[in-house]
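Common to both upcoming complexes is chain A, partnered first by chain B, then by chain C.
Coming up: the complex of A and B.
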C-alpha cells in the first residue's frame, strides 16, 4: 500500500497527470448531471449517437487539416443535438431511430473520409485512440485543459441556473408547456449542453464509451434513491469518484483510461444494485 | 441543492487552478525536483503515432518533428526519483500508459529534456533511406491499447556496424543515453545520443 501511495505521489508530479485528473473530474461531473435528465427522457443513447457525430466531425477537421478541431466538432455536434433533442416528441422519425441514423451515418462517413484522405501515418491507431480514449486524457495541453475546464463550468452553471425548468421539462413536457414554460427553449438548452458534454467526454473515455459515462452513474443512483435531487447529487458524486479511481488505476496498472473508467462504473453499478436490493428499494 | 452545487463549483475551480500550475524550479514533496519551464524556440507538432512496423520506421518517424505550429504549452515533467538509478528521466519506472504520455510530452516540448539522461525500454526498430544509405535506429513503445506507438531514435556511443552490433529487429531493448534535438532540412528531430543498449532475452 505504501508503495502504491509513493508511486501515486511520484506520478502526481507529472503535469499531464494533474491535467487528466482535473479535467476528468469536471467532465465526469458534467456528464452525470446531464445523464440523469437523458435517462429519464429515454434518450440514454444520445451520448453514443452524438459521439459518433463528433467523430465524423473530427474526421472532417482532420481531412481539412485544421490545427484545432474543437470548434468544428463542437459546432456540428451542437447542430445534431438540436436536431435530435429539440424536436421533442412530435417528430416523424422517433428518438431511437433518429439517433441510430445519425450515429452510424456519421461514424461510417467519418471513417471513410479518414481512409480516403488520410493525414496520419497510423490511421488505425488514431481511430482506435479516438474511439476508446486510451491516452487522450493524458495528452492534453494547458490550453485544452483551460478550454475543457471553462466549458465544464459553463455546463454545470447552466444546470444549476435552470435546474427547476430542466426538472419540469424532463418529467412532463406537455404539462410544462401548459403552465407557460417555454419547453422548446429548455429543450434547446439541454441539447446544446449535451453536445458540449459529449465533445468534452470524448477526451476522457473516447467515442464508443461515452454512453457509459452518461448512463451508469444515473442508473446506479436510481438503484438506491427515488427523488430527482438525491439521484442527481448521488450520480454526480459517484461519477467523479469513478473517474478519479479509473484514472488512477489506469496510470498505475498501465491500462487504457477509457475502459478502466467504464469498468469502475460497472463495478459501482453492481454495488449500488446490491445495496438497493438490500434496502428493498430502488427504481428506474 | 443550489448551495451544494455552488460549493462544488468552488471546490472544482480550486482543483483546476491547482492542477494547472506550471512546474517551478523548487523542491517539492519527496525531494523530487520539478524543472523550470523553458520558453519554446520553435513551434512543435507532436508525433502522436508511429505505424506498427516490421522493423521499418516511417522516414525519421520515431523522432520526426514536422514544421512547427505553436509555442510550448506543456510544462516539464519531474526528474526520476532518487532511487539510485543513473537516468534523470527513467521511463522504465513508469507504467506503459505513462511512458506513452511522457514520450508524447517529450516530443511536444523537447527543450525541457535536452541534455538529460533518458532511459527507456521498448522494441528495437530500424529505418533507412536507401538513397543516402543511412539507417536510423529507434526504440518503440506502444500505448495501453497497443494501437498507437511512440518512439525515440537513438545513436549508439562509438562506432557500430549494422546488423552485427545491433540486436534482432523487434527485440526488447533498454536504451540509456542523452536527449538532444537536431535539424535536417529545416525540420527538428529528437534522439538519444551516446546511447548504451541492453538487450532482453525473449
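Coming up: the complex of A and C.
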C-alpha cells in the first residue's frame, strides 16, 4: 500500500500528470451531464456519429500539420452536429441512415488521408492513439489544457443555465412547443454542446470510446435514482470518480488511459445494476 | 366572448391537408368535444390550433388572454416518457416553463403554483414518486396538473382516458368536468368515446366524411337516427 502511495506521489511531481488529472476530471464531468438527455431522447447515436466525424477532422488537422488541432476539429464537429440534427428532422434520408453514412464516411476518409499524407514513421500508432486515445491526455500542451478547462466550464455553465429547459424539452417536446418554448433552439444547444464534449473527450479516451463516457454514467445512475435531478448529479459524480480511478490505475499499471476508464465505468454499471435490482427500484 | 375562432381552416402536414374548411368558434367556459374516426385528422387539427403545425390555409384567431400560448396541453403519452426518470413534482413544475420565458430558473410563485396544481389533482402523496412507477390513471393526473400550471383559461386534451379502465376513466372525466364547471376553464377534448362526449360536452365538432359543428343538443337532434342508443361509431346509417 505504501509502495503504491509512494509511486503516486512520485508521479504527482510531474506537471503533465497533474494536468491529465485536472483535465480528465473536467471532461468526465461535462461529458456525463448530457448523457441522460441523449439516452432519453434516443440521441445516443448522434454522439457516436459525431465522434467519427471528429476523428476525420483530426486527421485533416494532422495532415495540414497544425500544431493545435482542437479549433479545427471543434469547428467541423459543431457544424456536423447542426447538420445531423437538421437531417434528422426534415430530409428524405432517415436520421439513422444519414448518421451512419456520415460517421463511416468520416472514419474512412480520415484514415485514407492519414495514410496518403503520412507525416510520421509510426502511422498505425498515430491512428490507434486517435481512436483509443492511448496517451494523448498525458501529452497535452499547456494551451490545450487551458482550452479544455475553459470549454469544460462553458459546457457545465450552459447545462446549469438551461437545466430546466433541457429537462422540459427532453420530457415532452410537443408540450414545450405548445407553451411557447423554442424547442428547436434548445435541441440545437444540446447538439452543439454534445459536439464540444466529444472534441474534448477525444483527448481523454479517443474517438471510438467517447460514447461510453457519455452514456455509461447516465445509464448507471438511472438504475438507482428515480428523479431527474438525482440522476444528473449522480451520473456527474460517478463519471468523475470513474475517470480519476481509471487515470490512477492506468498510471500505476501502465494500461491505456481510455480503455481503463471505460472498464471502470463498466464495473460501476454492473455494480449500480445490482444495487438497483436489490432496491427493487430502477426500471427496464 | 369567443376565445378561439377558426375560419376556413385546413389543417395537415407537409403541405397536404387532412381536414378542410373548418369553421367553428369556442367561447369561454365551453366544453368542446372533437369526435370522428381514426385518421380523420383530430390530432392534426389540435396540433394546428396549438401552433405546432402551421395551418395549410385559413385563419385561427385567439383571444388576447391566450395570445402568449397560455393553453394547457395534455398530449398522448410518448415512448420516451414511459421509462423517464423524473419525479411527479419535476414534471408538474415543467408546466410553468412558458411563464418562465427566458429566465433559467423557476421562481417561488411558480413552485407554489405547481404545489397547488398537485393538490388540486389529489396527487400530493405521489409528489416524490417516480413518474414511470405510477399507474396509467395517476400518470394522466400528473400531466393534467402540468397542463394546469400552463393555463387558467383553456385546456386542450388529446384522448385523456385512452388506455384507462372504465372506473379510472370515469374519475378522469369527473375531474375534467369539475375544472370546467367550477373553475370556468374552457375544455377542448379529442375523444373516441361518443357516449362520454355527449354526456359532458356543451358543443360537438365532428370530423369525417362530413363535418358538423354545433351544440350538443343540435348534434343529438340531427344524428339521433344515425346513433340509435348513441353508441354508433360512424356517421353512416347502413
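Rule of thumb we're sticking to: the second predicted complex is superposed on the first by the 273 of 284 C-alpha atoms of A that agree within 3 Å, B and C clash if a C-alpha of one lies under 4 Å from a C-alpha of the other, contacts with A are read in each partner's own complex, and residues count from 1 in each chain.
In this text, contacts are C-beta pairs under 8 Å (C-beta built on N, C-alpha and C of every residue); 3 or more make two chains touch, one makes a residue touch a chain.
Computed from a predicted model, the values in this text were never measured in an experiment.
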Chain B and chain C placed together on chain A: clash or fit? fit
Considering only the touch criterion stated at the top, classify A:42 as touching first (chain B), second (chain C), both, or neither. second
Counting only touches as set out at the top, which of chain B and chain C does A:163 meet: first, second, both, neither? both
#### Entry: Which of chain B and chain C A:171 touches, first, second, both or neither
second
Is A:142 touching anything from chain B or chain C once the two structures are fitted on A? First, second, both or neither.
first
Superposed angle chain B/chain A/chain C, CA centres, nearest 10 degrees, is 170
- Regarding the shared-chain residue A:229, is it in contact with chain B (first), chain C (second), both, or neither? both
Between chain B (first) and chain C (second), which, if any, makes contact with A:10: first, second, both or neither? first
Winner on chain A touched-residue count between chain B and chain C: chain B
First, second, both or neither for A:22, with chain B first and chain C second
first
So, A:250: does it touch chain B (first), chain C (second), both, or neither? first
Overlay on A puts the nearest Cα atoms of chain B and chain C apart, in Å, by 9
Contacts of chain A common to chain B and chain C in the A-superposed view 163, 229
Contacts from chain C onto chain A in the complex sit at residues 47, 50-52, 68-69, 71, 73, 75, 78, 80-81, 83-87, 90-91, 94-95, 97-98, 100, 104-106, 128-130, 132-133, 146, 150, 156
Seen from chain A, its contact residues with chain C in the complex are 36, 40-42, 161-165, 167-168, 170-172, 174-181, 222, 225-229, 231, 281, 283-284
Touching chain A in the complex, chain B uses residues 1-2, 4-6, 8-9, 12-13, 15-16, 18-23, 28-30, 32, 34, 46, 48-52, 58, 61, 69-70, 73-78, 81, 94-98, 100-102, 104-105, 108, 143-145, 147-149
So, in the complex, the side of chain A touching chain B is made of residues 6, 9-11, 13-19, 21-22, 25-26, 29, 67, 120-122, 124-126, 128-129, 132, 134-135, 138-139, 141-143, 145-146, 149, 152-153, 156-157, 159-160, 163, 229, 232-233, 236, 250-257
